[in-house]
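Input: structures, listed below.
What follows is chain A paired twice: with chain B in the first complex and chain C in the second.
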Partner chain A sequence: MTRKSSHARARFLMHALAIALALLALSPFLWLVLMSFKTNAEIFRFPPRLFFEATWANYAALWTSEFRNSFANSLIVGVVSTVLSLLIGVPAAYALSRWTTRAGGTITLWILASRMAPPIAFTIPYFLVYRHLELLDTLTGLVIIYLTFNLSLVIWMMRPFYDQLPRSLEEAAWIDGATMWQGFCRIILPLSGPGLAATAILCFLFAWNDFFFALILTRTEAMTAPVAVVNFMNYEGWEWGRIAAGGTMIMLPVLVFSFLVRRYLVHGLTGGALKG
Partner chain B sequence: MTHLRPHLRRRTILGGALGTLAAPAVNAQGGKPHAGTTINASCFQTTYFEYLKKYFPQFEERTGIKVNFNMQAFPVYNQRTDLELSTKGSALDVINVTFIYSGRWIGAGWVTNLDTFIKDSKYTPAAWDPEDFAGGPQSAMKSAKGETFGYTWEAGAMILGAARYDLIERAGLGLPKTFDELIKVCDAVHNKENVAAFTADKLHHWNWIPYLMGAGGAVFKDPPGNLTPTLNTPAAATSGEWYANLLMKYGPDGILSYSDDQSMRSQMSGRANMRTQAITWMVPLAKHAESVVKKTVRYGLMPAGPKGNFPGSNSHGLGIPAGSKKKEAAWEFIKWALSKETIAMVVKNHGYPSVCRMSVIKSPEFKQVLTLNDQDVAALFLEVLQLGGKTGYMKYRTVPVYPQVGDKINKAIERIATKQQAAPDAMKQAQAEAIQDLQKAGIKVDT
Partner chain C sequence: MNSPLTQPLPLAGERSQTLGRIARQQHRFFAFCVAPSLAVLAVITLLPSLYLLATSFTQLNLTRPETLWNFSQPFESYHQLWADTRFHNSIWVQIKLSFWTVLLQLLIGLGLALLLNMRTRLLEALRTVFLIPMVLPPIVVAIIWKVIYTPDISPMHGLFRAFGWHVPALITDPHWALTSIIIADTWEWFPFTMLMVLAALQMMPQELLDAAKVDGASPWQLTWFITLPFIQGVLLVAGLFRLIDSIKAFPLIFILTDGGPGNVTEVTNYYSYLQAFNFSYLGFSSAITVVLLAATIVLSWVIVRLVGWGARID
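Right after this comes the complex of A and B.
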């Protein structure tokens, strides 16, 4: 009985600590969300009030500004580049996993080259090439950039998953008359669901959160949401409420997406960590 | 040709006074020589161009030139334009020549020499009067040879703003005129009614330098000719310590992380009293809808140090990228946007406070706009512009490497304020780092 109660107390303390830590970690985000419902005067009130009259004005202002288009641009670029990265990268990861020659390892390493230098190292070349190809300030240009960087991520994350899956599964399918493609689609792909979910989230996050390439390679037409938020920092004064509302809007899709696939996320992120 | 006669007659009658608005594009080459041309212009987000955009249809109707005017956040604009100019791109036809980049952009030959347009009456009638631009701000738009690469639309003139002058008055004091008086006033009013006596933002390379110069120090030996840093002098160390103390002893909590806007808001919300900053950030204290200090704010000249008064002044101008393929049309736009008539119109209709045309600054309309709480702030503005132009002490800020050196100054002041380093050590480190930056840029320094 004593051991049981002390165990319960320990669990309670652990939970309390976990909640406290979560609140601490989330407090900047909570502050941002609260700010987004305040007027500028309320934002700068000191000491700040916990209870205040909330306003939707900042969100309404976003809706009527160019931020709306930028938000749509971010969504399009994020989704398209993620889907393309998975469409190209997943079969590539599978092929490299099943390719048993020494060249397979070398190629996998070279694929990582796009991640071997900081993005700023690529800035001038990308800018000049894009200007020449007239890809500056286009969604296509941004999709290509994110695809370039995400492909290596997809291949490097998915290959360990396929390494873990026993070859006998697809061999059994082939014996039953399936083609290699059918074996991959019907047997292998469904088994790598958690890995796909985790990889998709990371790809989407890279494209969604990117500021640097969007800053350099866009102007007005293809401007994405993170750059649009910075545009609320006017020379003569910042629009704090809109910045906070924009920041909240940027967090929202990632939160929703992560919430929807949270079941797979933890499994997916750790799934390929151990090679059995 | 049908457009030619009426305009010529008008010019004869009015002696060119109105010529700047319509004549240049229309007269010289007959009709609208640039009709159908689209120019791309870019600037950071600012109220001047927000106001001006409303009048673009007038310009487009007169010249037939369509203007794509794009505004971005200050850092975004500078980053993008720097890249565009450095790669000699032709995407932009009119740019803002940002003060802190003016030396770099002009020195590298990335901006067009506008003297070609000014000296040719085919492009610019005498009535446009380039000499009307205030000398101090305009100096940032010139090369070492005196050639002009931009015309200014904004002049920042550093003044003192006391958001809660009533507290100072109640303490039996007035606006401080010297550094010593500033400390005396701070001592008397700090934390009265929960109002910090002083506030500033974290751009110490702008805010601190007037105090450094007032104490007899300087950033460089003799800019722009001799860029040997002089941050390791006793005057720099003493002034650095004095300024850090001013911030930490009399500033609100968190002052070292304040952005420009946060600092302004601390005054507007009545949490902080005095600040020395450009007029653009001072006028909202009296005019902004959210200001709670509208009735109590008063303005004065930047306090003087033992060695004199050196209020900061800066400027931003319009220029044409070297790579532009529509330079003539771009010049038409600049001429219109910065003509006496257009600037006067923006001042009159919108109350814009920091213009550069002397004829406008001295006009009754401008005086009316800048009469705040019965104070003639226009006179203060003019005085600072003239101070800046007289001795050229602001030259330090337009040298191409100033952004890098300024960053080292910011860090040195932070280290002193947070007691991470003693002032002489912090300034010695800043000196060493600044020399490294200069040498990396291929600039010779005295050894």
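Right after this comes the complex of A and C.
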């Protein structure tokens, strides 16, 4: 009896501790979201008021500025690079899962290394080449460089996924006389739905979150939202309200999508280094 | 539709013929599937890497066109690198940053995972909440911490003042700047190690724990002698992933300290960025980056060996 009640108390304490830690961990993030609804005077007030008059002015100011274009640029580049990566990468992931070649290890290292390489390693050569190809400050240029990480991500995510699909599925179709291509399109692809959705979302997020490539390779026309927010800091003085509102707008889609794919996050970040 | 079960089995000879046909087709089809990816990857990653290597053998400076493709002194950049104290300092800063962030992330991630590893609805919801810092766009994380480290508007500095403590602005104080980056980076990435450890914990065989409990092991003993040995491999892989990623640290440093004050937060990656895109010394910067890239490839190779990809036979 006493043992049981001490167990219940330990359980209660653990829950309380977990909630307290979660609040502590999230407070910096919540602060920024709150800030985006504050007027400048309210931002500088200390102690802050718990109930302040929320204003949409920061968001309205963003919506009428160049930021809207940057936001659209981010969307376009994210979607296009995701679609391209999936089109090129998914068949490769399938083949690499089924095909046992001696080059497998080398290809894996290559893919992992291009995922892990410091962005500046690609930025310098891309910057130099884009100057000649006139791809600096274009969406096309960004889409191409985003393939460096998204294509590897697709292969990484989808290969372990296909490892788990039994080979007997498409083998049965082949014995029945279906071509390889039919087996892949009619049997494998329809079964890949959840994996494809998760991979697509992660690809989009990685493109959406990129800061470094866009910082170097764009100026005005193709500027993406993360770079645009930083520009509020550099050129227009410290407009904290607008910075906070811009930051909140950038992270909104990220939060929604991440929630949808939370089960695949480990997988996407480590390429199935961990089965689970 | 004929399923293989309802069809009469082919005779042995026919069957091996069919399998031979399939094997040949398979080979062609797989090659056809892999080729586009490898071709694209070669163009977008391999060629640029070679280009980077080539540039590192020049003294390329965009303000001096004659330095383009001038290989008269191929190892000059590397010589300079060898003697450059600012480069040495950047490596030392990188080591400090990597060591502390990886260590703290592993400890905090492990602690939280152990705390959250109970199947109650509240804790499962909290797991998702704890993931937020990791999924935020890095630039938003940097903005969040810029707010916290800017005394005028920071709730943290407000609290310090309310307690009557005099605390300098951390990111402009040489003694605190690197620490403040470490704190922000740890906040951003502890969910990663937490998530990996949680996934590993969930695969732990329950019988193992039950057996130890029956033998009278205390919770501490369970954690120390059973759980930790079980997840040490995951901790190692998570640590390596974070280590590689810490080499890429950029947005936090760019927004919070710009490498300063002085050079105290100037990691190698950031130094390379400054050389290339602030000072236009692309040749020299390429040499720095080649060193970074080599380090990344070695670490990736370690991971591939540890995890045992490539060597797998299905």
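Note that the second predicted complex is superposed on the first by the 218 of 276 C-alpha atoms of A that agree within 3 Å, B and C clash if a C-alpha of one lies under 4 Å from a C-alpha of the other, contacts with A are read in each partner's own complex, and residues count from 1 in each chain.
By our rule, a contact is a pair of C-beta atoms (placed from the backbone, for glycine too) under 8 Å apart; a residue touches a chain by one contact, two chains touch by 3 or more.
Keep in mind that what you see is a predicted model, and the values were worked out from it rather than measured.
Contacts of A:252 after superposition on the shared chain: neither chain B nor chain C is touched. Look at A:136: by the touch rule set out above, it reaches chain B but stays clear of chain C. In the overlay built on the shared chain, the residue A:41 is in contact with chain B alone; chain C does not reach it.
By the touch criterion stated above, A:105 is placed in contact with chain C alone, chain B being left untouched. By the document's definition of touching, of the two partners only chain B reaches A:220; chain C does not.
Judged by the touch definition given at the top, the superposed model places A:124 against both chain B and chain C. Of the two partner chains, chain B is the only one touched by A:231; chain C is not.
Put chain B and chain C next to each other and count what each touches on chain A; the higher total goes to C. Within the superposed three-chain model, A:13 lies out of touch with both chain B and chain C [touch as defined at top]. When the shared chain is aligned, no partner comes close enough to touch A:185: not chain B, not chain C.
Comparing the two interfaces of chain A, the one with chain B and the one with chain C have residues 44, 46, 123-124, 127-128, 215-216, 230, 233, 240 in common. Considering their complex, residues 11, 14-15, 17-19, 21-22, 25-29, 31-32, 35, 43-44, 46-48, 88-89, 91-92, 94-96, 98-100, 104-114, 116-129, 144-145, 147-148, 151-152, 155, 163, 171-172, 174-176, 179-181, 184, 205, 208-209, 211-212, 215-216, 226, 229-230, 233, 240, 243-244, 247, 250-251, 254-255, 258-259, 262, 265-266, 269-270, 273-276 of chain A touch chain C.
Every residue of chain C that touches chain A in the complex is listed here, in rising order: 2-4, 7, 18, 22, 25-26, 28-34, 36-38, 40-41, 44-49, 51-52, 55, 60, 112, 115-116, 118, 120, 122-123, 126, 128-140, 143-148, 152-153, 155, 158, 161-162, 187, 192, 195-196, 199-200, 202-203, 234, 237-238, 241, 244-245, 247-248, 250-251, 254-255, 269, 272-273, 276-277, 282, 285-286, 289, 292-293, 296-297, 299-301, 303-304, 307, 309-314.
Of all residues in chain A, only 40-41, 44-46, 123-124, 127-128, 131, 136, 215-216, 219-220, 227, 230-238, 240 touch chain B in the complex they form. Contacts from chain B toward chain A in the complex involve residues 44-47, 70, 72-76, 79-80, 83, 87, 89, 91, 259, 261, 264-266, 268-269, 271, 280-281, 284, 290.
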